[in-house]
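Look for chain A in each of the two complexes below; its partner is chain B in the first and chain C in the second.
Right after this comes the complex of A and B.
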């Protein structure tokens, strides 16, 4: 599983090593063409190479996942501050997360993308900025549990600054609970981007799997199952690997939670 | 009871905040609605007239209060693409989305519970690992991807089920029953693709809580009193685990509108999710905002109901 994920990651980093063709360039064939030695995954209605698209789509998925997870992680650090300081800051944060949970996230993503324009950077920012509440809640809960522990109190007694306590005492200790959630966050972000592109709301110039899936939904009526199934299979593959990774990380970092009953 | 009052008060609060957010978004969104409405080559006088007619010449704060008052009174604006009131358009779609969700539940809840119970009784056996692998698989992937694969297999390749929509176009049905069967045939694929994803959630929750209660002291006490195995499983462990199923069902129903957008799009189902796509492709902002408000009210109401059910079925829970 880890090896497969590493291979995908490698393809995502260096798509040009795997395919010489340009993704989304039309006219390689006259129309829809079935998989053949020349085109291992065939071409779509406009003669675009599916293999090149899918390979570049891997890169897009990794961009989206990494960027969105990073953005939501940074925003979610607020949860740590809120848990540590408590009081009004904490109250505010909890109300904000309540509110973001009051609206279905995907509806919000659709509304924001429609109104603010669907270029790639916008979409990444929107997904990242709407995904942090769960992470923030985890960080807050973990910080609350650690706040009165001896090692934190002793750091405070010797006069450490709060910011140092937060980043050198508390932060390393909440990571075990946070890291598995990051892997999940990564997969949710990838799903959101694929979904947005599938709906035709994505950036038309980015070789996303979602866009290819929406083309494939048309192609199946002309017999072009390879256009639909290639991105779907790769996407299922990546998402299942990410979830297994999250499970594995959880077992590793939080062994006491393991259900080995 | 004070808890419910608090929850009830929260609903208008959520509405006010979401409406405010919607108003701000509409204001900061690029593009000028007036010139979009008037079309190219409109004269300056015409633009001014439109502005006046829609109250866009008033200060922003006043516009905001007019907007808010309208929403609270149930005037959710006029859908540009349907040329009808937004609320009417939404209400027309709701039954179909509910039908789809209900069909999904009808498959997902019993199947999920069954899988979970079997996995819990046979824990650490091959059956248990199969259920957990199955759950991880379907838990990882969004419903619409499976929907597409099902669509290809059953509607395009084998041609045994319809491609989408809610009824066969251009066919007159001899009886009401024939019409109903036609609707059900259209319902099968979208319902199954939703159900697959939901089902594994119930299986997981059911398995974990069942295992927990099967190992708890009260179950061991029941066993030692000589109560039969089946009775212990169903009267003691099972009943306790149903609570977590209710919680999960609340989440699924509450966030239904976000969840069905893609599945409805794949199968062109005539529900609210499909409406979102229509609103987006026609840039029908009033309709889009209406759906946003509706979905947040829906979440709040469902949460309230779930709390009520919780108190009713679990005497230990007294929300104070």
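Right after this comes the complex of A and C.
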């Protein structure tokens, strides 16, 4: 599992090593062509190489996942402050998360992409900015428990600043419970971007798997099953791997599971 | 050096207020070691937390003042107080393992604390200082310990590290809250010896909080006996052991004697939980010397020659 994920990541990092063709460039063949030695995954209706597209789509998926997870992680750090300082800031933040969690995330993503325009950077920012509440809650809950721990008191007693206590004493203790959810967050972001592209709301200039799936949906009527199958298989593959990874990380880091409590 | 005047700390618990520290007055000279003894719940640790102003949120100092080198600690802002912590007054706790951060290496914890109080120091200087601190607390091979995690250390080692941490910015006063209670007997002796040595070496004042009378005679010069939030007897160690006056102190010392004489038949009268009039003697329900007059008057401090003070009605 880890090896497959590593291979995918490598492909995403260096797509040019795997294929020399340009993704989304039309006219390699005249119309739909079945997989052949020249085109391992065939081409679509406009003669675009499916293999090149899929390979570059891997890069897009990793790009989306990493960027969105990073953005939501940074925003979610607020949960730590809320948990540590408590009071009104805490109340406000928690009401905002309630609000964001009450409305289905995907609906919000669709609304905001329509409002702000289907530019790739926009989509990443929107997905990232809408997926922090769960993480923030985890961080807040962990901080609430950790700030009562003795080592925090002992840090206070030797005169540590509260910002230092937060980042130096508490933050490393939060990580074990946050890392598995980061892996999940990653896969959710990838799904969201694919879904947006599939609906035709994505950036038309980016070789996303979602866009290819929507093209494949039409190609299948002309017998072009390979156009639909390739991105779907890869997509399922990546997401299963990510979820397994999250599970594994959880087993590894969750102290409650580790000691069989 | 440290003066506590009429200190009162109240806890808010389930709608009722509990007076954990009641009218405590305490004096400490520079380089003196005083011990605060009493059973659990008598308010010893609350005094320690009050001095450093790290009381839990459900408690508050309701009266009195705490003066350190003439400065009133209760009037300082939180930022000023932060500077006092560690630099002027530091603290050692009971269970070193829970007071060290489990996910950080010893070296990182030490250098973080060193950095807090001397921000300009270079990385190499910080490591040097950390190693120096560990050797001060007699840790063999300190450079190797720096890369260890707390769970890899034994209790005695961890307590030494904790002491090193507390000494990292040369405090004048160290509050040791049951520093040996979580350790084995042999390790207790070592840590105590270390504490004594450090005290002479760095001219520390030590406020030792304990329920263990055997430690007290070993290190402290004066003793305050606490019962139910009040100081019931105050004396130099020799005076206290030779001539205990408060019935509670007498019971404490006799309990030790009986334990040592392997006679375990000692039984204290169970603490009565009945409603009591606020000003009456709190020890009355357990007092073997209770006189009828005791329930009619408030106890007061009786002074004896040689500095002994006893809170009693008699």
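What we mean here is this: the second predicted complex is superposed on the first by the 256 of 261 C-alpha atoms of A that agree within 3 Å, B and C clash if a C-alpha of one lies under 4 Å from a C-alpha of the other, contacts with A are read in each partner's own complex, and residues count from 1 in each chain.
Quick note on the criterion: a contact is a pair of C-beta atoms (placed from the backbone, for glycine too) under 8 Å apart; a residue touches a chain by one contact, two chains touch by 3 or more.
This structure is a prediction, so every number in the text was calculated from the model and none was measured.
Visitor: Kindly say whether there is room for both chain B and chain C on chain A in the superposition, answering fit or clash.
Guide: In the superposition, chain B and chain C stay clear of each other.
Visitor: By residue count, is chain A touched more by chain B or by chain C?
Guide: The partner making contact with more of chain A's residues is B.
Visitor: Using C-alpha centres in the superposed arrangement, which angle lies between chain B and chain C as seen from chain A, in steps of 10 degrees?
Guide: 100
Visitor: Which partner chains sit in contact with A:173 here, chain B, chain C, both or neither? Use first/second/both/neither.
Guide: Touch status of A:173: second partner only.
Visitor: Look at A:221 in the shared chain and tell me whether it touches chain B only, chain C only, both, or neither; answer first, second, both or neither.
Guide: Touch partner of A:221: chain B, not chain C.
Visitor: Between chain B (first) and chain C (second), which, if any, makes contact with A:158: first, second, both or neither?
Guide: second
Visitor: After the superposition, what is the least C-alpha distance between chain B and chain C in whole angstrom?
Guide: 18 Å.
Visitor: Which chain A residues come up in both lists, the one for chain B and the one for chain C?
Guide: none
Visitor: Can you tell me which positions in chain A touch chain B when the two form their complex?
Guide: Residues 99, 101-108, 110-112, 114-117, 187, 191, 194-195, 198-201, 213, 216-217, 220-221, 225, 228-229, 232, 235-236, 239-240, 242-244, 247, 259, 261 of chain A touch chain B in their complex.
Visitor: Can you tell me which positions in chain B touch chain A when the two form their complex?
Guide: Checking each residue of chain B against chain A gives 14, 17-18, 22, 25-26, 28-30, 123-124, 136-137, 139-142, 144-145, 148-149, 151-152, 156-157, 208, 211-212, 215, 255-259, 261-262, 265-266, 276-277, 280-281, 283, 285, 288-289, 291-292, 295-296, 299-300.
Visitor: Please name which positions on chain C make contact with chain A in the complex.
Guide: Against chain A, the touching part of chain C is residues 52, 54, 82-87, 90-91, 93, 95, 98-104, 112-113, 116-117, 162, 165-166, 168-169.
Visitor: Going by the contact rule set out above, which residues of chain A touch chain C in the complex?
Guide: Touch residues, chain A against chain C: 149-151, 153-161, 164, 168-169, 172-173, 175.
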